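Here it is: the structure, laid out below.
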Amino acid sequence: MQNVTFRAALVLLALFVLTAVFGPYLVEHDPLKGSLRARLEPPLWAGGTSEHLLGTDRLGRDMLARIVSGARISLTVCVVVIAIAGSIGTALGMLSGYVGGWLDRVLMRLVDLALSLPVILLALLVGAVSGPSFGNIVLVISLVLWSQYARMARGETLRVKNEDYVDLARTSGLGHVRIIARHILPNIAPALIVVATLQVGVVIVLEASLSFLGVGVPPPNPSWGSMVADGRSYVVTAWWVSLFPGIAILLVVMAVNIVGDALTDRINPALRGRTA
Amino acid sequence: MNAILSTHALGRTFRTRGGPLHALSDVSIDCMPRHSLGVVGESGCGKTTLNRLILMLDTPTEGEVRFKGKPLRMLSVAERRAYRRAVQPVFQNPYSSLNPRLRVRRIIREPLAANTDLSGPQIDARVDEVLEAVGLTARDANRLPAEFSGGQRQRIAIARALASKPELMLLDEPVSSQDISIRAQILNVLTELRDEYGLATLFVSHDLATVRFMCDEVVVIYLGRIVEHGPANLICTAPRHPYTQALLAATLPADPDAPAMAVPPEGEIPSPLAPPPGCAYHTRCPFAREICRSVRPRAEADEAGGAVACHMVNQGGW
Amino acid sequence: AVALPVMAQSEDDTLVVALPTFSEQTMTPWGGSGQRKTYLDTVYEYLVYLDAEGNTEPGLAESWTVENDGTRWTFTLREGVPFSDESCGTVTAEDVKYSIERLIAEDSRAGPASTMRRIIDTVETPDERTVVVNLSAPDFLLDAGYFGEAQQLGIVCKSYSESQGEAVDSAPPVGTGAYVLESLVDGSEINMVRRDGDHWRVDPQWERISFRAVPEEATRVAMLRAGEADIAPVNFDSIAGLEEAGIRIVSAEKTWSPVIRLGGVVQSDPERFNAELPWADKRVRQAMNYAIDKQTIIDELFAGQGTVASGDTPVAAWDSVPPYPYDPDKARDLLAEAGYADGFDMVLKTFTTTPGAELPLMAEAAALYLAEVGINATIEPTDWPSVRSEWTGGGKLDFAMTHRGFPFPNPENGVEAGFSERSLFASFTSDELEAKLASLAAETDRAERREKLTDIGQYIRDEAGAIFMVLANEPYGVGADVSDWSIDTSYVYNFDRAGKAQ
Amino acid sequence: MTLLSIRNLTVRLGRDALAPTILEEVSLDVMPGETLGLVGESGSGKSTLGMSVLRLTPPRLAEGTSGEILWDGRDILTMRGRDLRALRGAEISMILQDPMASLNPVFSIGSQLTEALRRAGRSDLMQAAEAALAEVRIPSPAERLRSYPHQMSGGMRQRVVSAIGLAQEPRLIICDEPTTALDATIQYQFLELLRALQGAHGMAMLFVTHDFGVVARICDRVAVMYAGRIVETGPVREIFSNPRHPYTRALLAAVPSTSTAPDRLPVIEGAPPSIGNRPGGCAFHPRCPMAGPDCQRQPPMERLAPRHEAACWRAREEAAA
Amino acid sequence: MTRLIMGRLAEALAALLLMSLAIFLLSRVTGDPVALLLGDGATAEDRDLLIAQLRLDRPLWEQYISFLGNALTGDFGQSVAAGRRDALELVLDRLPASLSLAGVALGFTLVTGIAMGVLAAITRGSAVDLLVRIVALLGQSVPAFWLGIVLIYIVAVQWGWLPTSGYGTTAHYILPALTMGTFTLAAVTRLVRASMLDALGSEYIKLARIKGLPEATVILKHALSNSLIPVVTFMGAFFATMITGAVVVETVFAWPGIGRLAYESIVSRDFPVIQTVVLVITASFILANFCVDMLYLAIDPRMRDRG
């Protein structure tokens, strides 16, 4: 049972990545071009035409094309955010755990503070400073998420630091940098990968909320989150506008979580549930 | 003959929430070439602390460790490298002492690459050599630790220690996590290597029987202090300190007909945060007198080449 | 903060109006923007009212005259109109004078405060019932304009306001309207209850009017559908669905004007004129007007509720000015002529206001059309304060923005706000236009003024001072419990005149 | 008259008949009042055997359990909820290996102890708890009732665990390596305590350990396990003086002692097989110096002396040699 | 104990200071409220007048210092937009609505999450387990605003069971709390399931079973009490998520809380209110974390003996 779901999730994720990479070459419509005359057309089976399988949005753009190219945008946001938040969080967390002492205390307080940041307000402020842009979203979401990596990296570093092989490396006279690079980082990486996996969903949903408040991925580029946000006024009249990107989000989030859970089970069951 | 390594009134006090914790106090030992010294004591008595101080993983709060007569903190960079080559540890837990992400070859190379000037091929040759010395094969060098059993891992750890041709091996309970059949194998490997390479060993253990097997000389520690010190056969047959006697009594022989020992242990081990004044063992000692409660006994050397820190023994009290 | 609401107390008698915002949620006419008229108009009354055709009707002023080429207005007050607070008695000239002076005071936050401050010279009260207003510039439309129902000069009780001191903005309002404040929940509900006795002007059918702040349009629509709200402004896209569900749509006709304003073309001010812009060339501006199929945008995005605009604010005098037709070929020709055959890149900033949720959508639609003629417009969503401070900050702007053209109480002031060099908000002028405006300001003949105004409109249209888009309606969903209700013109909500279905 | 009789207990990793077996065809009897030692190296299945008796194995192993465990003639393996609960604690109890982990960290000693006493039908719970602590020689028991586990030393905790185990006066107590985590001197004290308690309550004890010293000290009888099977059982003196299975013999020889210091310890080459790749036939044969072709077949348990049995084709030869 | 509290207090002050500085700077560079307050047709003189009135003409550091100084005396300034109302009063007026909603949402999340987590743990690997985890995940993958709107349409409009929006009665809490709590539900469920599995596999649970305790006691008393410890650790973070989610949920459900106030004040550049709101939110986080620490002491005896 577990295995079947895990495989299904993996396949789904692979599809997601493939769609993000190759999808735009496969759909015939331009996700940015539409015709006002063909706006809000329902999907094929709900009375629409084969021209637009999943219908059209409020500017007459093809939903399928937008969902496909939205995959790329959402994936890019995820990857960039996770790369930024992950590297900052990991670096600080490792430092905190490795050095210890007052630095650890200060950094961990900072993490607590970051956890209690009213993120969305900050996002709004930042959004207001320079308008919503891809960079801002990434910045703001990273600002929220780095702390999770820092926590995990610190905890794991503390664990690994106490492993005898680290002491052995020290008795061999290895420098701190080498010890961190060779002995600590590779051994805390799996836990961080799990965090990263589970954060994919968080990022997508957070981006959607920011879009709702008007500081998400700027139009006309479609992200799944902004598509759901755009479609909220049509929940009754043109349900497909928000439902399809919503389902896309749902499937991906579900898949990454299942994969993430399975990874945790495999990599380090002690981390189960302690992430994201 | 000069000691490879010696400790002089070595002490380590940890600052903890509960106050100062004297993990180790006034410990002086000498590790002579080709000589094997055992350190026995129960959990928390400071065995690992001693090890870490020697390995420079921790710094003493009192006293010092000397390498061939020179205090560790005064070593030059080159001497430090030499020290790191000369003194090699093997730790208790073979699962934690091998980095699971590195192949065996990398693990064994590490001290060589860091502390010797050997070239790449020379190092590789050395890796193969030590692997064979501990009963593994050169092929094993390309595997990951996870592919080995506990006993094999401990062999890898020993190979790693052996690689830089040390003079002294520090063995911190190297077999206590092993099964009986594996334990014997490792102990044999260690004694064989010791004889073959002419190594000195400092063997730390909580088990008197293992120490007896491994060592010429034994130091008994209780709550961070040496209580008795002497040749292994004497300690295990005619212990004089009441604690050593209790420890011996508690080391149950695999013989249903063995007589119960005269001095069975009593009471709890006191917290190292609040060690009893005077002789730390007086709370559990059946022979304790008034003086034991107030005056800390000094270790006095005797004719057998040992020393006992006990008022009663030293004053011929019993 | 007053008492908590009396929930669900005879909902049948309560007219629930769901509004996107209470704006500043202050209770004095001068305490904030005109958006608060939604609820304040049930409390405060005006000197002059307008009928359905926009003609003036007596309000708290029984009669009035204008003299001295439009610079001296005399209002005679209606007798015996009582304030809701007994201690205030009836409306006197002193109350009116106080209300005017308070509205134009330096710390007033009312929308028209600065313009009014500029034109009002002195206010005199020769007797209890007479108020004389001396203007520093002629204004023939003061009655229908700044002093009228569509503006913010609600008449307050002087003694009450003064006794409240600084706190008056959040104190329960005292006016002469048919309702008084019953209770409020900060940011959520403002509940008005009908005053006892007959009212001189209206005969309210609803015992209570409850205003609810519901920022999310989808929620407002849900409230209408669930019968929780009786009246609520809705988006054009919601109209079809609501009508299907049996909800009536009542629109304020042509009350606002979605437009795309072009930055950096305040040509008479070197500080604010950016000659490097493609649209510094009139032909480019015209091309942009030709390129967009505005009728389709109206049909599709505005549910047909609007007409193609020929100006960037709703001004009646410009009704005769013909709008640009949709002619992409002509647009391409003009662009080519101007040297932009391959088009150019531009930034189009957009934002939502309430109402005005359609602006970003309109921007995207416009961008789709502009792309057809080679103009690549990048949409930059932002918020109103940001663009507004950028726009009013002066300097050579290099972007365009969507904007919501407001109806001005006095169209001449509106034209000045948008097209006079003096105004911070100006989006386009030229020396020629400045001259025309000066001539308008000096004109004292009523008919001539109208003529000149129309001429200005035609000029701005020909110069393509903006990308004129739509003259749009403002749709409200109205539930079955409300029998008749209408918005005559913008900012006149008539909630106190809403009928109740039997 | 046996107290507990285990018959052909097989435990697999799951229901599947091909799943790896942890225990294979284990048969074992415990007599009233006796102490049976169960020795074997890590992974040989000692804990699984102990847990099976109380039906405490995780679901996957429970599914794969077959055979019989008879208690008063009733098969524990077929018991259901209420009967099982009546059995646990009151009839058979258990002391676990890790004194640090076997007490619930969030409840006081007193509350954990009274839980067990309440089941025994005691009404004077506090006094009874105090007495129970006093019996396991915990100083100032009244105060200790209010302590939390983390406030006690390992030895004390293990004594509390035994007090809980004994609270309902069971007829059999299973001890799963209860002293492994203890210091030598503390282990000694604890063993003495257990012996005394056993004497006082007259209960039988199944003592799991891998330490022959402990076995020699407290057991009447020993069962030696290797790779999920019992390879030899017998009275403790028999086993120590006359071990018949080569594995038992090798194990005994491999233990260092304080009384002698040989140059080399006799060793068993190789390592115990991990579950899942146990060799066919006698699981010990790849490491056995005496193995022959017949060792490819599983040797039956053979009676060598009245109470001494071994499963080895060479058991008799050995006696002769 | 006192040391713990003093330490916390010092940290809280530092955090508040840091936060106030960040917000101050961030809000000042986002443009000023002047443009918004000026009527159409205003001139440059009008603008200068307003700037002077709002004291925005003074240097930034001076503005900040005077803000800090006033804040120390409890004066957070007056709202620029909302008719000179006292900013603190404005925020405190809205605080109860937000806190009560977050409280109800937190309660809902905890109760449901714990129940689901326990259920999943004791049926580990079964279809029930999978179902629970999927249901929990659903919540995490649906943006709150969308869920809110869909819930309004289904529950309030279609079925007519609950009010669509607004504030006042108990019924008004249900949909927003559900919406707000759903996101963290997955986290709680996951956490409880994991720690419950740890607990169920632990030695002390074996001991409890060895005692012959009924299964319900074993699970609900012994296992659950330990599984709740990690939940408590994360409660501060959950609370933070709730308050953060408030901006969205309060907007959708027309809830008069500080989330929306904050949003509106940002949109109108109402500096005093922005600052106050953010500080109040930060302070409430710190308070919440402090409560969590206290709760920790209550639930885990091991903590009581530290420091």
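Should a chain be cited, it is by its letter among A, B, C, D and E, assigned in written order, with residues numbered from 1 in that chain.
The rule is short, and it goes like this: a contact is a pair of C-beta atoms (placed from the backbone, for glycine too) under 8 Å apart; a residue touches a chain by one contact, two chains touch by 3 or more.
Small disclaimer: the values here were computed from a predicted structure and weren't measured.
**Student:** Among the other chains, which touch chain C and chain D together?
**Tutor:** Per touch definition, common to chain C and chain D: E.
**Student:** Of the other chains, whose C-alpha centre is the longest way from the centre of chain D?
**Tutor:** That would be chain C.
**Student:** Does B-D or A-C have the larger number of C-beta pairs in contact?
**Tutor:** Taking the two pairs in turn, the one with more contacts turns out to be B-D.
**Student:** What's the distance between the Cα centroids of chain A and chain C, rounded to whole Å?
**Tutor:** Computed from C-alpha means, the inter-chain centre distance equals 43 Å.
**Student:** Just give me the whole-number Å value for how far the CA centre of chain C lies from that of chain E.
**Tutor:** Taking the average C-alpha coordinate of chain C and of chain E, the gap between them is 37 Å.
**Student:** Would you kindly tell me how far, in whole Å, the mean C-alpha position of chain C lies from that of chain B?
**Tutor:** Each chain's C-alpha centroid was found; their separation is 88 Å.
**Student:** List the centre-to-centre spacing of chain A and chain E in whole Å, with centres computed as mean CA coordinates.
**Tutor:** Spacing between the chain centres: roughly 21 Å.
**Student:** When you check chain B against every other chain, which residues touch at least two of them?
**Tutor:** Within chain B, no residue touches at least two other chains.
**Student:** Enumerate the residues of chain A that touch no fewer than two other chains.
**Tutor:** Residues 128, 232, 235-236 of chain A each touch two or more of the other chains.
**Student:** What are the touching chain pairs in this one?
**Tutor:** A-B, A-C, A-E, B-D, C-E, D-E
**Student:** Where on chain C is chain A touching in the complex?
**Tutor:** Listed in rising order, the residues are 216-218, 221, 235, 237-238, 240-241, 293, 296-297, 299-301, 349, 351-352, 360-361, 364-365, 367-368, 371, 379-383, 385-386.
**Student:** State the interface residues of chain D toward chain B in the complex, per the touch definition above.
**Tutor:** Listed in rising order, the residues of chain D that touch chain B are 41-42, 153, 155-156, 183-189, 191-192, 210-217, 236-237, 240, 250-252, 254-259, 261-269, 271-272, 274.
**Student:** Note which residues of chain A are touching chain E in the complex, please.
**Tutor:** On the chain A side, the touching residues are 1-2, 5, 109, 112-113, 115-122, 124-126, 128-129, 201-202, 204-205, 208-209, 212-213, 225, 228-229, 232, 235-236, 242, 246, 249-250, 252-254, 257-258, 261, 272-274, 276.
**Student:** In the complex of these two chains, what residues of chain B are touching chain D?
**Tutor:** Against chain D, the touching part of chain B is residues 42-43, 149, 151-152, 179-185, 187-188, 191, 206-210, 212-213, 232-233, 236-237, 246-258, 264-266, 268-269.
**Student:** Using the touch definition up top, name the residues of chain E that touch chain A in the complex.
**Tutor:** Of all residues in chain E, those touching chain A are 11, 14-15, 18-19, 23, 26-27, 29-31, 125, 127, 130, 133-134, 137-138, 140-146, 149-150, 153, 183, 186-187, 190-195, 197-198, 230, 236-237, 240, 243-245, 247-248, 251, 259, 262-263, 266-267, 269, 274, 277-278, 281-282, 285-286, 289.
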